[in-house]
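See below for the structure under consideration.
Every chain is named by a letter (A, B, C and D) in the order it is written, and numbering of its residues begins at 1.
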Amino acid sequence: MGFVLSGILHLPGAKLTTDGEACEHGKAGKSQIFWCTLGLLRNRCGQALQSVQIISRRAREEGCGCRVPCSSSAQEPPWSVAAVILGDGSGTKLYPLTKRRAGGAIPLAAHYRLIDVVVSNCINSNITKIYALTQFNSTSLNAHLSRAYSTVGLGKDGFVEVLAAYQNLDDEGWFQGDADSIRRCLWVLEEYPVEDFLVLPGHHLYRMEYEKLIKAHRDSNADITVVLSLSENQRRPYSSSLKLNSKDQTLDSRRKLEGAQAPLMTTGGGSFTTDGAQDLRSMGIYVIKREALGKLLLQNLPHATDFKSEVIPGAVSMGMKVHTYTFNGYWEDMRDVEAFYQANLGITRKAPTSQGFNFYDREHPIYTLARCLPPTRITGAAIKDSVIGDGCVLNRCKINGSVIGMRACIGDGAIVEDTIVMGADIYQIDEDFRWCMTKKPCAAVPLGIGEQTQVRRAIIDKNARIGKNVKIVNADNVQEGDREESGYIITGGIVVVLKGAVIPDGSII
Amino acid sequence: MGFVLSGILHLPGAKLTTDGEACEHGKAGKSQIFWCTLGLLRNRCGQALQSVQIISRRAREEGCGCRVPCSSSAQEPPWSVAAVILGDGSGTKLYPLTKRRAGGAIPLAAHYRLIDVVVSNCINSNITKIYALTQFNSTSLNAHLSRAYSTVGLGKDGFVEVLAAYQNLDDEGWFQGDADSIRRCLWVLEEYPVEDFLVLPGHHLYRMEYEKLIKAHRDSNADITVVLSLSENQRRPYSSSLKLNSKDQTLDSRRKLEGAQAPLMTTGGGSFTTDGAQDLRSMGIYVIKREALGKLLLQNLPHATDFKSEVIPGAVSMGMKVHTYTFNGYWEDMRDVEAFYQANLGITRKAPTSQGFNFYDREHPIYTLARCLPPTRITGAAIKDSVIGDGCVLNRCKINGSVIGMRACIGDGAIVEDTIVMGADIYQIDEDFRWCMTKKPCAAVPLGIGEQTQVRRAIIDKNARIGKNVKIVNADNVQEGDREESGYIITGGIVVVLKGAVIPDGSII
Amino acid sequence: MGFVLSGILHLPGAKLTTDGEACEHGKAGKSQIFWCTLGLLRNRCGQALQSVQIISRRAREEGCGCRVPCSSSAQEPPWSVAAVILGDGSGTKLYPLTKRRAGGAIPLAAHYRLIDVVVSNCINSNITKIYALTQFNSTSLNAHLSRAYSTVGLGKDGFVEVLAAYQNLDDEGWFQGDADSIRRCLWVLEEYPVEDFLVLPGHHLYRMEYEKLIKAHRDSNADITVVLSLSENQRRPYSSSLKLNSKDQTLDSRRKLEGAQAPLMTTGGGSFTTDGAQDLRSMGIYVIKREALGKLLLQNLPHATDFKSEVIPGAVSMGMKVHTYTFNGYWEDMRDVEAFYQANLGITRKAPTSQGFNFYDREHPIYTLARCLPPTRITGAAIKDSVIGDGCVLNRCKINGSVIGMRACIGDGAIVEDTIVMGADIYQIDEDFRWCMTKKPCAAVPLGIGEQTQVRRAIIDKNARIGKNVKIVNADNVQEGDREESGYIITGGIVVVLKGAVIPDGSII
Amino acid sequence: MGFVLSGILHLPGAKLTTDGEACEHGKAGKSQIFWCTLGLLRNRCGQALQSVQIISRRAREEGCGCRVPCSSSAQEPPWSVAAVILGDGSGTKLYPLTKRRAGGAIPLAAHYRLIDVVVSNCINSNITKIYALTQFNSTSLNAHLSRAYSTVGLGKDGFVEVLAAYQNLDDEGWFQGDADSIRRCLWVLEEYPVEDFLVLPGHHLYRMEYEKLIKAHRDSNADITVVLSLSENQRRPYSSSLKLNSKDQTLDSRRKLEGAQAPLMTTGGGSFTTDGAQDLRSMGIYVIKREALGKLLLQNLPHATDFKSEVIPGAVSMGMKVHTYTFNGYWEDMRDVEAFYQANLGITRKAPTSQGFNFYDREHPIYTLARCLPPTRITGAAIKDSVIGDGCVLNRCKINGSVIGMRACIGDGAIVEDTIVMGADIYQIDEDFRWCMTKKPCAAVPLGIGEQTQVRRAIIDKNARIGKNVKIVNADNVQEGDREESGYIITGGIVVVLKGAVIPDGSII
């Protein structure tokens, strides 16, 4: 007889019961080594097998004994949960913003990065065990997370931990999808005896009190809860929306109530539908019971790589209890450049409304890397419906409906409208530029936006150098255009000036 | 014969000479065993020999062995130095800004506090052993220093440490002056084997590369170097200026050169003069050799409480080598409200010039508590020659020649001119105020500056609530007026609205 | 009409009612100036004035918006509480351990300082708003607290904040007692809208789950709850014990139950008694309702300096609801050297029992400054019933029933019994000592305990240097003796070698 | 035609010369937009254009302006250098220690991890820009580095930054070798304008003052300096040793002098030899000029993956100035389990000698994750020539010539000889185990080493559970054996009990 304690036991020839115990041995002569987080194993003769990885990695690394050890189920709140943030975002559709960055690292709203929103939602919901899985262009995201959240108070057992893709002796592959990345990190994720995992895409803009979601999940005793958006601020239908079963009458009638719940059912063949409930879209957010997660990823669907198309249907067809939870607040999936652009501009309106995300909610602040930049200096500016980041220098310019990022410099007579200026990483002042000019041959174009330049409906990525008398107005209303060699790309009619690009004086785009 | 170690003194009946060595044995059979770091002892006639602490307190507290141990003179750079910042400022003259704060904790330039400037000068000069002595209204200063500088990288043996006034069994008194406060903390200050102490007032605004000062001090082999200002941006002569001896011809002719040095001499009676060099003022900055400091404060002048009037003259009259060092840069001693007001406004001019302090020097940044506020939101503003802090909300207002601090809210139609608005500690938004209004009896006046209000030539301290249609213009040009019960004071013609004051709608000041 | 500022309440002629409201105007022409953080005020017509303390100091200092703002009563758990630790300890009776330290900073159990125990109790009880009031010899305590607890995860609104004694314009006095120190810091303590304050002496050794205490306090709706110890490990009766009223029959019968509660009553004249319940001693721990604290300290007993003798009797006589809470666990008030000695030795027994404090409780760890010392190196040792700190060097010695602190060095042939060796602040190795010997006149006696030396029933304070062939055995069984000039004191029959003392080779004590 | 350097250089009409410069301009009137991190550019006239590196990634991420900006060459010390630590180690040969860990994360000397030694060497040499490249089983290494070194004071421009393997749009491959991993991270590594890179394997045990190496490198004006070991504590010749040219007479005669330098030459065909100098082995440590590194990895050898076999020979054959630097101190390449075992035991001898690494060097401490474990409790132990980590519990046992790691528990009557016990991640005490026994099916074998058990010449990995009356003595002197399914492996005659393995009571190995 074998035992498995919480944890993921993969025991060839063993069978995992639904209550998380391996109760039967196989006969295979060849032994296999496996790991679990909890327990010890015995073979059917009652002989102790090996309990591997009985001690969580967290505890292992722990310095102080300061952190709650893994096994103290008595200590943990009954609703303990760990968040798993998928940090990569949709690299392709956000190009060129993801040319050198993960989706989660794109600058947002002058001071933030995309992933800050989801991490802050967790912290504000008192979920302080946060893992971020990263792989694609992950360097700057890794650095941001480890710097921004090492000093935020996450409590004595809290952390934001980056789990970067890695190789090991048995397995040299990269993460192959959301489900696969979680599978490969399960041994780390399970170090704490949480009851549920909260899977979160890292590039969404919304404010959710996850406690309510967790409570609904637990109240319904679901194995998996899928979060659906009722938001109508989405401009386009998703083809990939998760559909609810047409039988779900109650859902339809209640669907305007945030938090409404219903079981999710398959219509056969593992696909879902919700006839008459087309505007419900899966947000890619899942709450999954610890045991269910292990069982699905390691036992039943060991090759599944995607949650939406494989794991969730698989769970439904296996008879797991899969429920839905509806969310009615503002939600923007920054899945492409246009969505990102709209979400940013949404914060410039006067009153934070459902049309835009509110970064000024005192009770639910958005955290990011703390900085100590000097204040913004304005020698003259007429500014309307805009947000201005820290440490800017604005010289007799006009700014309208725009987001101006940290350390942005805007020259005399410049006009910036409906534009996201991401700012700069260093603060270039006149002296700096003069030094540059005199000490050595230099970029003729300083950081920022030059004098008399006009920019409209554009995204100016970090550290771009826009010269004088430039017009970035897309006068011909080009919708798509790849001018990467000239430093910009047009997508959805929005001109995106690449990070670090130089646009010479007098250019017209 | 006695023994002096670095630190460990084993001295049966020994006598200590002025150069810190025990040179004479007592005859008493009974050995006295004690230890010190300081190196001053008295003879065996029973006078307490003082000075303890051969093992540095730093080392004692040290967790890691991470810090350079105290005795490793070989390791230390030959020019090692510790800074001693006097954090209290001149409480009385800065009233009401110092009503509940130390001088060093007054908000400066939208994002900073006064003491940040001096601490940053130290860090930028690679002086990373920094002690701040505090006593008067020290609570917020202590908290600011320990939070702002615990995460700044100060290197493996660097620190910013607050030394708050304390009692002990022998001595229950408070610090009695700059010299006395250093005397009482000498046992802590001497934990590292630095060669020199750099004594710095904490409420000045200037940028000095202290390395140059230290080098000049060491090149001249002075016991004490007194820093004199050549700055002409001082508006008023000091009556208390340190005077140089009229014999010092060379000083006079060189006095426009920063870094010029000259010996300081007395004219007798312990007072100094520099006939014909009246514009040289002591900045209250001293570099003092370790040995000289101990000798002066503990042996020769054990009751002196003030450096300028007692210790420096005393040192000169004792024959110590007291030199001067002249500093020619921008320097503002924020000794009273008007000086503080001018220094703040000095940063609003377009080009940082000698008329104002430059917070935008990339090579010599000013550090402070790092924050992660949201960007400033502007629904409409015409702004001229001003600096705007982080997280403000500006609604269709005019701002001219002003410093607008963090989280300041300015209402529609308001006009702010030549004013320092210190901002708020929390971010109050409409929802907050509405909640306030409905949930409980509430301040009718929200944080910030109300609609249609005009403010001119004023200082609005933190968290003030200025109502609508208020005029703070000092129309009668009152120079001094105490209206503390109404929430403001007028000093030097500047209206200072108290921290947290409420000025009702329609008030006229 | 009165004005209220946040923080600074200026209310000419107002009176503060017992429910924290100013309800009546005075007539006196002379304005009364006071402050409160607490309440709301009404004018005499019952009309709401202003709610004060809208802005907390904490919020003010806050960098990030990261901390929960003060007014969000909805956010706070209903039982929110702040701990106020009195860090000074009883300086006199712990002499010479308190010669240069606050009581809370005395090294304990090889790795800790006294105050760590109480701070850890708070953290383990999820009380993360912790203030430590310090004044006496506070320098090292301040440094310890700010270093040890700046990196411990205290959550997004948690902190351990040192409140050092300070002067202000109105008041230049030191703290005059536990009640007075809290009064002088009330304006800081009240920055968060906690419901209750938990007052804790900082020099006790016990493990209490304060949540239970808080719950009992709230369940009984007491204004003040006084904690009484049922512990029988106290060796001496307290003369100053708080007595319960003899009418309290139920208490007597229940008194062996931890957590038992009873109302506390006066027998008149403000004194208490519990005839027949003599072994109940007040632990000096109080839970006090926010409103009650302000009312007692500011209004009713504005000159009281001591809780036990003034404030508690005063509260009872005023008719406040004063209850008791009994605690039955191990408790040691390290009120003198002998108590400290016993408490330390209590941890050396094999099984942590009620006879000693258990530092090895995984669920309730004791935190301290995290360190990275090298492991202890043992070239040969026979060790029995002892605890050994980090980074020691033990050379062919015998250690029995002792506590050996960090970096202690014990020489060949040494015997250490029933002794507390506090260790050293730096790690002295042979090279170091040789350098010392050759470079300059040097302490002949290295750090630690020399070869062939015997120590029994002693406390060897930090950085002492005990030579070779020394006997510290108190052969004459002296009970009290002041040999401070020779580096030691005998108290209660325990030899205490002073911090940094040097005991020459061959000495016999 | 444009070239791309590290980073993205797009220079229409520019040509990049072999020395990393773009040397030809295009003619097109069309604007040129580019950026790069690497080089300088020249126009067609050979005139230097712009030095790129305009924006460093570091600066980009930087929060505060706190860090020295990239372009301030005047600020940087003339010998600025960044360390690049290769964290993976030799995974295969260190199996099973690397079963779930990177080589750099293996526990060392009771308190440390392998990589701490090299990181500490850097910090002690004042090299505070430290990158660690990780890929293989990197999770725990990443976590260790980010936790251990986030709070160590690395100065205002210092950091230890993990660069985990990542994918991007153009390149989905893993790091292919030391040279390839550096190539893929060059764009990050070059963010600071350092002059030289110091390439360091992360799994070596030695203490080197890198300043001397850097100085020698710069004094010789070498492009690359290769460090050779003169150490004779290596037990086996390396087949892969780098050979010096036989013409190098001077080297031979000087080879006992640490720091001796000589040019490295090829003997043709890109291979090296040093006839008569066979005992000089390359340590895998290289100092490489910034320009040389970029040129080699990006231009001349864009497909080379290994330094020793490809890049260094390539550099020599290209005529670059490749010098050697000899190191004479203790050096252990922990390339396999036996080497790791020997290096650990080397620290247990009494006097740190050339036979072992000295962790007790006060001037050059080894840093690691700071912890706050309780002291080690010993109810009875006879210990000889061993080191004992923090928080152990030793019950009447014998320990001889062993390294006992943190939280190790050793039972009554156990004998541990010549063994590395890595300890445990959590502290298991009796109560804990009892809880385990009663609450649920549980490991019958507690953490640690059971009663009456004997262990000799073994490595007990973390969290192993060795039962009672076990003998791990390798009585049959097996040299190699894979019993992984039973929880251990024998390699080089050393029994390695796997991490978390359970060895039942009475087992004999």
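Everything that follows uses one rule, which is that a contact is a pair of C-beta atoms (placed from the backbone, for glycine too) under 8 Å apart; a residue touches a chain by one contact, two chains touch by 3 or more.
Note that the structure is a prediction, hence the values are computed from the model and not measured.
Although chain A and chain B carry the same sequence, what matters here is overlap: shared residue numbers make up over half of all numbers found at their interface. Per the C-alpha superposition, chain B sits rotated 180 degrees relative to chain C, a value rounded to a multiple of 5.
One simple way to say how far apart two chains are is to compare their mean CA positions; for chain A and chain D this gives 32 Å. If you average the CA atoms of chain B and of chain D, the two centres end up 44 Å from each other.
Chain contacts: chain B has residues 63-66, 69, 362, 365, 367, 369-374, 426-427, 432 touching two or more partner chains. Against chain C, in their complex, chain D makes its touches with residues 109-111, 151, 347-348, 350-351, 359-362, 365-390, 393-395, 403-404, 426-430, 432. Residues of chain B that touch chain C in their complex: 3-8, 10, 30-35, 52-57, 59-66, 69-71, 91-92, 95, 98-100, 134-140, 142-144, 146-147, 150, 161-169, 172, 174, 185, 187-188, 369-374, 391, 424-427, 432, 436, 440-444, 447, 462-463, 465, 484-487, 498-502.
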